[in-house]
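Several structures are given next for inspection.
Shared chain: subunit A. Partners: subunit B in the first complex, subunit C in the second.
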Partner chain A sequence: MISDMAGLEKTIAEVIKEYLSGGAAAWAGKNGRPAADAPDRGGAVLRDITGQAAREAEFVSGALDREAILAMKRRTSARIGIGRAGPRLLTQTMLTLRADHAAARDAVLKDVDPDMLRSLGFIELESRCADRQEFLTRPDLGRALSDGAVDALLEKCVPNPDIQVFVADGLSSSAVTANLPDLWPCLMDGLHEAGVKTGTPFFVRFGRVALMDQVSELLGAKAVCALIGERPGLSAAESLSAYVAYGAKTGMDESGRTVVSNIHGNGIPAVEAGAYLAELLQAVLRAKASGIAFRKDDGL
Partner chain B sequence: MPYRSSLFGRTFAFKDVKEVLAKANERKSGDVLAGLAADSDLERVAAKDALSQMTLDVLRQNPVIPYEDDEVTRIGEDLLDEGAYGEIKAWTVAGLREWILGADTDGEDLRRVSGGLTAEMVAAVAKLMSNLDLAYAASKMEVTARCNTTIGARGTLASRLQPNHTTDSTEGIRASLLEGLSYGCGDALLGLNPVNDTAASLSETLKLLDDVKNRLEIPTQICALGHISTQMEAVRRGAPTDIIFQSIAGSEKGNRAFGFNADTVREAQSLLQGLKRGAGPNLLYFETGQGSELSSGSHSGADQVTMEARCYAFARAFKPFMVNTVVGFIGPEYLFDSSQVIRAGLEDHFMGKLSGLPMGCDCCYTNHMMADQNDVENLSLLLAAAHVNYIIGVPGGDDIMLNYQTNSYHDSAALREILRLRPLREFELWLEEWGILRDGRLSGRAGDPSIFIERLGG
Partner chain C sequence: MGDVSILSVGIDIGTATSQIVLARLVLANAAGCFEIPRVAFKDKTVLHNGVVRLTPLSPSGLLDGDALRKIAEDEYRAAGVSANDVDVGAVIATGEAARKENAAIILESLAGMAGDFVVAMAGPDLEAVLAGRGSGAERASRLNGSAVVNLDVGGGTANIALFKDGAVLSKGSYDIGGRMVRVSGGVISHVSDGAARIAKTAGISAVPGMAADLRLLRDVCDHAARLLEEALEDKTPSPLLASLVSPGASVFRASLPIDGICFSGGVAECMRQGQGDYFRYGDVGPLLGEAISRTRLCSAFRRLAPAETVRATAVGAGCYSAEVSGSTIAQDDRALPLKNLPVLKLNRDEQTRCYEGDSAFLEEKIRGFMAQNGWIWPALAFRGEANPSYARLNALAACLSEALAKTLPPDAPFVLVLECDTAKALGQALRARRGGGAVVCVDSARVETGDYIDLGRPLMGGAALPIVVKTLVTGC
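And then the complex of A and B:
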């Protein structure tokens, strides 16, 4: 059975490779007709209109200079060379756009996977927002913990850590679900190996960046690091950011925070980000500063 | 003096004009966030009722930010046409609404009265208009402006081509630019939002836009939408531009948060007049959007529709070539969903036109709002029917740099065809020469950006 599985994986990998190398030609279906040379794999591999090959193809009917259009497409990730049905989008282009938007919307609206949070040992808390609609329309309420969460924080979390790292969904729960399992162990291992005293891990639902100021004050942490999902774009729905502040206080300037953004598969990979953050946080502790008062070369 | 209204035997009282104005708004999440919105639908209608009976002189005497405290209020007040104001000052807001909608009132009448309206009056009447009222009233108003070409003539719908790129790569910008031109976009402006707001980077972008415009002999105007001071610096270093852009707010404090004031705009205007590139007389481009004042804490306790109207009172002092609201860019804490965005788009277009501005609209949304591409298409169809001067066009509706969605390059062509509108005349002739447009419809070569390559030399 196991050897069968391995064989199957190999076959799939080969098919995908062959399929992708077909590249633009496989996708150049015109005017609603399926592409004549689209490979028939008997359902082993389905076409994916969000895949790289689909995005790199051009769809202009009767183009004067097809190579020039492909060259233009290599210069930008914008949706160009996409052709038209009269003055409207072709079906495939329209559906790719809708798929990208759907992924972005799901990132905003769905909850972070609770099993993943539990498996990493996170306590689950919430901001003052009652639901997602309130979270989206009342940024002020997302910047503070609910009364119940304050009590739970004081009861369950280790006081006065060197560094309190916590996670919030922010505007992309997908960013947390996608990146945290790889990022978290690297970050914690890095800090613990250096002898840094870290706080009890917790997750805040409907949380925004400035919530870290309240966390810092309640727990008496030297530094706080908030890992938060960023507002999704169509090209990156799973982007996580880390906000770091030394001696954070309610009402502090945003310029007092150090930010590491763009943590996702096509940006800084989660494992790498975890290792980098461990170094950064130690440097922040040594410098006793963050934001504009902290220079990136301070011990890094 | 309190303002009162009675509905179903219940009396509602409002402490001042500012509260009546705020509570008379259609529901917007930004007014709720600011703590200014009506507490109930009934209170909202009561505020509208109180507002409908208010006379225009009361609104003039009660600007939402005092004359002494605010440059925007002063500009609006100092430039008011006293003759026009004298004709209407005793009218109620209800009277103004019905006069605007009246069968005997035409565009010429509206233009004459426009100069006598303060921002608060413009906002007040918008608050008493339904969506179709806003569209109907705006459709009466033809507001033209001229730079190299003339925008806003009845029967036209223009578009700003927005070829943004994630790193300002000139090759990448050029690729999106050619794609847009091949769909008949760009008659209002070839205008890039830069990532790098430096004079050197803006210069490089402007040289590219200018080069394509010259080689292809496109009758249009160009602009790189950096900060106004950066654009001036680029121009002083010899960068070619027809137009200078700035985002504006409805208060002096809001404009200060944007890093400029009226003197900065005057300086830009005289710089361009000396340059004699854009033929003019209209050489500036402003963008606005409900909620921007609240986001910078500069709304002075006033609602977002009134603050938006104040942007237009400021803008008209500088006779811009184009003005548009970036209506869904700001996020759900100001405009929650598609119904709020569509309402705001119709309000802003109407208020801008009533203020005498050549008004367009960036019909757009972000991914954390309850809106999607269908809503953008709805709004653009409503506004095109209401005779909006221009909309925005980006590849496939997706702006890869600003991370939001607006109209696709395709949309202006579809809207023109549905509503029998045409591009700006000079640009239409250019499109016909290239075989992109025939009889107002996209023809054979449309959508093929490679048709320009030979003329551009690779």
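And then the complex of A and C:
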């Protein structure tokens, strides 16, 4: 595992700087127009090969109806209409694929931005996993708080809230970093406007969904909501999910949880998800139920 | 979430004929169980296809309100529904029936017949679009990703809509129709202004009182049909065609190559019937149909069989006038339903100024709009930003809240219509600033300045609202 992330980032920045100073016009590619938001680096341009514009630029050659293929491409994040070189992918497609794969790996391996957590007033706790390797190989340890975290939870968190919302990195730290700053205040404003008593916010490193059961029991919360980064794919590395359980307890059925998934820039916008969750959580409290026992149209 | 069905009525009052169609629209949650609900139409079934009746129009052009009400009552009875069952709907009045005096008659005679919704008069543009949906032209363009024109030729007007991939690219209406010349007892009894202009330009003399000479009227119809042909060419229209654009209609432009054409309306029905007594309807509808058959309209494009001809507009109005909002919205039972709200749409620059908190600008904009619209308060519409930060959303809410509070009457709800999926969050932020006042904020709806909207009662436990967008409301 990479231990010195800051050092690595510095090295990469230096390499890029060196590269750019060496006349990087060629980097833009022979038919590559710079992306609209490409940073200006003194005449040289780095093209974003992962954005929507790049997706549309990868194109099967000799299309009869270019517009029709574009319309299809816009409807899906699947890599369709991308052309080929013999039996293989074109170089550009290959590079985009690898860039997306790298973003997915980053999402799993990176840490959530600690400054962001602190600025939102989160207490930082951890599961029983000692490191990321263990987190990835031992799901059971990710479902419980470490002994120290249990003590900290009992000491610092308000007991018996109506709703305890907490955040865990899960399989995408990027999802938490990208969505939490806008989702969290919107969710809290919505709940507080309705007079719901919320718990003390905390973040669990190396945490998994079922950790909410232990949290519920320790704090005596009526309902728990866990915001967790989703396993990244090649089309969305920043997707966040919210799991909600009423009266959660260790060993409960997974069918007792209500899930809202796909919270990200190209899915449900973070602020909209915050407002939706605020209403959903109130409905769960009213219905005193979650998962399959909770019918969304009863309360929403 | 269980399915919900609503009853929709479409009433088409044309120059020659009128029809009523009752349709059942089924709404369902189309999202998976791990997603935020997404309410969408699952099924649309025509329950009752009303008889095609002659429009009860007096010689002076005024509608007979009592007769109209009786038609509606008879059709409701035949369909086995009561007026209270009707949830949404639209009345399309065109040609002579759309005259200003008639609007009041329609409103009065159909009051209470169209459920919660005030009778909504749609303009010629919307009629063109609804006819294209009712005829199946829109569906064909959607299924094949092709460009399909629907030409709905009725008694008074010819309505054209161009669909590409299910979207409306252009629409328009011309004063050309089967009843532009009327014939009674072998004599021409009426020549519309449009027909008179067409005849004059062609050097043909056709005035009331002349014998209804087949060759002469065929000549007039040939010229009219060629004007329709011209309307589909992508070039500057001749002065004659430009003068025939129906009042309140857009100018149609065929902005891309057309793959297929679909004919609907009463004249299309005549084309389908084929030959017979040319004056069997006391007008030149059959002659005009035949003239259209001879033009390039029928040879240059692939012709698609319409699902409906004479009823296309009524079916379109019954099945397609109601849309459904996005499924994460902010609504308030106290304020709904809302009817005939004029739309004030902000463009991209104006929208940006609002996100940046320029409420003085917005205040002036709203006040100016209200001054021009008899001080009726508007629904404020803008595209919205796709993924705004919470700070930016709050800046927007503060700006909107301040400007709306200063311009709207104190008891009026804030009504916002967005395209981007952020209505629930914006609604929450507005509610927090408004105290107890009502806020209705919907998304996934596209409207323009000049439109009017109806917002219905919440569907599926408040997840979504039915929306009817109208291009013209007269006398309401």
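Assume the second predicted complex is superposed on the first by the 224 of 300 C-alpha atoms of A that agree within 3 Å, B and C clash if a C-alpha of one lies under 4 Å from a C-alpha of the other, contacts with A are read in each partner's own complex, and residues count from 1 in each chain.
FYI, a contact is a pair of C-beta atoms (placed from the backbone, for glycine too) under 8 Å apart; a residue touches a chain by one contact, two chains touch by 3 or more.
Everything numeric in this text was worked out from a predicted model, so none of it was measured.
Q: Between subunit B (first) and subunit C (second), which, if any, makes contact with A:Ala275: first, second, both or neither?
A: In the superposition, A:Ala275 touches subunit C alone.
Q: Applying the touch criterion given at the start, work out whether A:Thr93 contacts subunit B, subunit C, both or neither, answering first, second, both or neither.
A: First partner only.
Q: Is A:Ala68 contacted by the first partner subunit B, the second partner subunit C, both or neither?
A: both
Q: With both complexes superposed on chain A, which partner does A:Thr200 reach: first (subunit B), second (subunit C), both or neither?
A: Neither partner.
Q: First (subunit B), second (subunit C), both or neither: which does A:Gly265 touch?
A: In the superposition, A:Gly265 touches subunit C alone.
Q: What's your read, subunit B or subunit C touching more residues of subunit A?
A: Touching more residues of subunit A than the other partner does is B.
Q: By the touch definition at the top of the document, which applies to A:Cys186: first (subunit B), second (subunit C), both, or neither?
A: Only subunit C is touched by A:Cys186; subunit B is not.
Q: Need the overlap of the two footprints on subunit A, from subunit B and from subunit C, as residue ranges.
A: 65, 68
Q: Can you tell me which positions in subunit C touch subunit A when the two form their complex?
A: 1-2, 33-37, 145, 165, 328, 330, 386-390, 393, 420-425, 427-429, 431-432, 460-463
Q: Report the residues of subunit B in contact with subunit A in the complex, numbered from low to high.
A: Listed in rising order, the residues of subunit B that touch subunit A are 29, 32-33, 163-166, 169, 171-176, 178-179, 183, 332-333, 336, 366-368, 372-373, 394-398, 400, 403, 405, 408, 410-411, 413-414, 417, 441-442, 444-451, 453.
Q: Looking at the complex, which residues from subunit A come into contact with subunit B?
A: 60-66, 68-69, 72-73, 75-84, 86-89, 93, 97-98, 100-101, 104-105, 107-108, 133, 136-140, 171, 231-235, 237
Q: What residues on subunit A touch subunit C, complex-wise?
A: Listed in rising order, the residues are 65, 68, 71, 181-183, 185-186, 189-190, 193, 241, 259-262, 265, 268-276, 278-279, 295-300.
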